[in-house]
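Here the chain labels run A, B and C in written order, and each chain numbers its own residues starting at 1.
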Amino acid sequence: MTARLTRKAGEWAPALAVFVLVIGAWEGGIALFHVQQFLLPRPSDIVRAFFTERHTLWPAGWYTFKEALGGFAAGSTLGIIAATFVGRFKSAGTAFMPIAIAANAVPIIAFAPIFDVWFNPLSPVSKMAIAAVLCFLPVMVNTLRGLQSASPRQIELMRSYAASELEIWRRVRVPTALPYVFTALKVASVLAMIGAIVGEYFGGAFTALGVLINSDAQIFHFVTAWAGILLASMLGLSLYGSVVLVERLVVRWTPAAGEA
Amino acid sequence: MRAAARAGAVALVVLVLVGLWELYRWIWTSAGWTWPFVVDATSMPHVWTILKAFGQPTQVNQPALGTLLFHKALFTMKESAVGFAIGAVVGFTLGCLLVHSRLLQRGFLPYLVASQTIPILAIAPMVVVWVNPKLPPSLQGWGAVAVIASYLTFFPVLINTLRGLQSADARALELMRTYAAGRWSVLWKVRVPASLPFVFAALKLAATASVVGAIIGELPSGLQSGLGGAIINFNQYYSLEPQELWATNIVAALVGIIFFVIVVAAEKAIVRRPPETAR
Amino acid sequence: MSTTQQSVVSIEGVTKTFPHGNVTALQDIDLKLEPGEFVSLIGPSGCGKSTLLRVIGDLIQPTTGTVTVNGKPAHKARVDHDYGIVFQDAVLFDWRTVARNIALPLEMLGWDRERRNARVAEMMELVELKGFGDHHPWQLSGGMQQRASIARALAFEPALLLMDEPFGALDEMTRERLNLELLSIWERLASTVVFVTHSISEAVFLSTRVVVMSPRPGRIAGVVEIDLPSPRGVETREAPRFFELVTEVRELLRKRGEHLFPEEEPL
């Protein structure tokens, strides 16, 4: 047990060292080089603002996090359903893939203002919609790829058992697809938060983090703005981390292939 | 022959999408449904209205919308292309450096991953203020946006370069050791060729990311000459002329797709892979 | 162990052509297998032995001809789970433990948990994998994985066992040991075995009959009756009669196969 812990500690030591070095250099460098506070405040200032402004900042973060979470859940679920559907009907799959790939190439973010028009800009739904659309495609494409990557020998084995399509699906295709799905969910988790914040740029409730960061920056409260950015980043990472945790619980085997 | 078939398929898809759009519109306006959103001439203009808008000027004595958007698209593409190039080079180089040291990987990768959770929209104004004075006047403005675009581009390229370089066949590496080959020779002769499929997969993602980065970067910088500026503009008087924003979005989508297609074509030309085994 | 119903396989006039490339994989195959036989199919690449195995298992349909297993058409035999199959790769599921992998066909047959667990324990004992039930496939060596694969194929005690070069990926010592294990399992269950292999000595050692096939088009070049005494053991491989039979098979391969290293056809 302790051997594993020390090994884990050893793995994280370099990252920790880098952290300490960078923060130290940052803190010192600001003072030394007289960098404008607007560009890059001192880490100590940012952390202080993070706590002193928490009454506005933290609820705003939670508000935006809920948008991201809602979008993440909706987009990923739809993506998985769509992939399952397309995967069942192979002809639809081959016709659909190029469309999906092309759709992936479209900068969805340009549609943010239109979502604001459709759903009241002050309502969280418009931001959830952006996050959902951003999550949908990577999840769908990767889930589909996972469903199609079952080894032909395994399928042959199942046929020797006279297994029905449904049984093959349940016993082979779905377990094979799981690693792919989780890879996509990790990507989507980061996109969801970013989508929510960018969406808020075009207009949103004042209780939203993106709006807060923006307005703070515009009235030259840069330290608070940076604290908001820190919060946004932490929230994005926590969503990512949750997905990783769930993955560790669900996918307990070494994937044969499947890292996208 | 195949190119004609491919073009035909694309045209068919476009027609189907247009058809679905109009159908949805027709059903929702006839039935008067308000979920998920109210459908009218503002929220969903007719496809024809949008297309017609390309030919009309937005203001008196201005060129047609189509021409306007064309120039803005070029401007944004310039930013995306430069951002893409910078990000790809940085990502690839970093990958080539990091592959040699597990220690450096463990030290830096967590932060590189975390960096992608920082909303670039929020730090874009800072980047602009910081970068602009450092650039010669001709590069100012859009140069900063290119840097922002490169921020979104470098990460997928880095991660995939790393994976690709690490995917080199262990036996090929052993062979190079029997030649007493130096580290950089091994890199160039074995690892880099092995990494190409991975790198190109990342470049396809990065192409889109660079366009997204460019558009996002333009938003807070107040640049009028690009698509981002157009989006803000047309968003402001959306209720009067909704089709102009839609037209802009179509152009933005096209720019993204064009970039993607270019990378795919480049991949076909450069990487000659053994055919994928039939599934 | 319970008595296994013995199987009769009857192959009549089977031809298989693959449409693309116009390849005649099998031509006019006539073969009848008696219950309890151990028959090896051997031949150079492209002679159709793996195709024939799959035709028997109704995984490929013949272009002409009939295959009867136990008096039923091959298709019905497959639906009735009348055979177990072992491939060259173990084809185990990474996401299941070894025990659950072996239990797979039993789950498909709808056995309840108690019965399944009992049988899985029996099988693991039979192939000497006791204690590894909770491991995952990747934690096992190649030989152990293949043993698990055999355990799975035998789990529901099929009357017919189809094996496609099951030991091909293993080293010779492991292979010889698994040969002995397979023979003892075969004697215990009294099932019929169709065994595809590349190795002449393996074919002669294991079988009651060796069917030599030749390519282009795939057909039966000849049959060698193996009259080595049972039970066979390590000393069998050193008996003079063994070498005679190996030579007989080799000569048959050489004559009808035309070359020792037939040209590989590019894909």
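As a convention for this text, contacts are C-beta pairs under 8 Å (C-beta built on N, C-alpha and C of every residue); 3 or more make two chains touch, one makes a residue touch a chain.
Remember, predicted model here, so these are calculated numbers, not experimental data.
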* Any idea which two chains share the most contacting C-beta pairs? -> A-B
* Which chain wins if you rank chains by how close their C-alpha centre is to the centre of all protein C-alpha atoms? -> A
* Asked: Among the chains, which one keeps its Cα centre farthest from the Cα centre of subunit B?
  -> C
* Using mean C-alpha positions as chain centres, tell me how far subunit A is from subunit B in Å, no decimals. => 18
* Asked: Between subunit B and subunit C, what's the gap in Å when you average each chain's C-alpha atoms?
  -> 53
* Length of the line joining the C-alpha centres of subunit A and subunit C, rounded to whole Å -> 49
* To do: At least two other chains touched by the same residue of subunit A: list those residues.
  => none
* **Residues of subunit C touching at least two other chains** => none
* Structure fact -> subunit A residues touching subunit C in their complex are 151, 153-154, 156-157, 159-163, 167, 171-172, 175, 178, 251-256
* Would you mind writing out the residues of subunit A in touch with subunit B in their complex? => 11-15, 17-19, 22, 38-40, 98-99, 101-102, 104-111, 113-114, 117-119, 148-149, 152, 190, 193-194, 197-198, 201-202, 210, 213-214, 217, 225, 228-229, 232-233, 236-237, 240, 259
* **Touch list for subunit C against partner subunit A, complex** => 57, 59, 78-81, 83-85, 87, 89, 91, 93-95, 104-105, 108, 136, 138
* Structure fact -> Per the touch rule above, subunit B residues touching subunit A in the complex are 9, 13, 36-37, 42-43, 103-104, 106-111, 114, 116-123, 125-126, 129-130, 163, 207-208, 211-212, 215-216, 219-220, 227, 231, 235, 238, 242, 245-246, 248-249, 252-253, 255-257, 259-260, 279
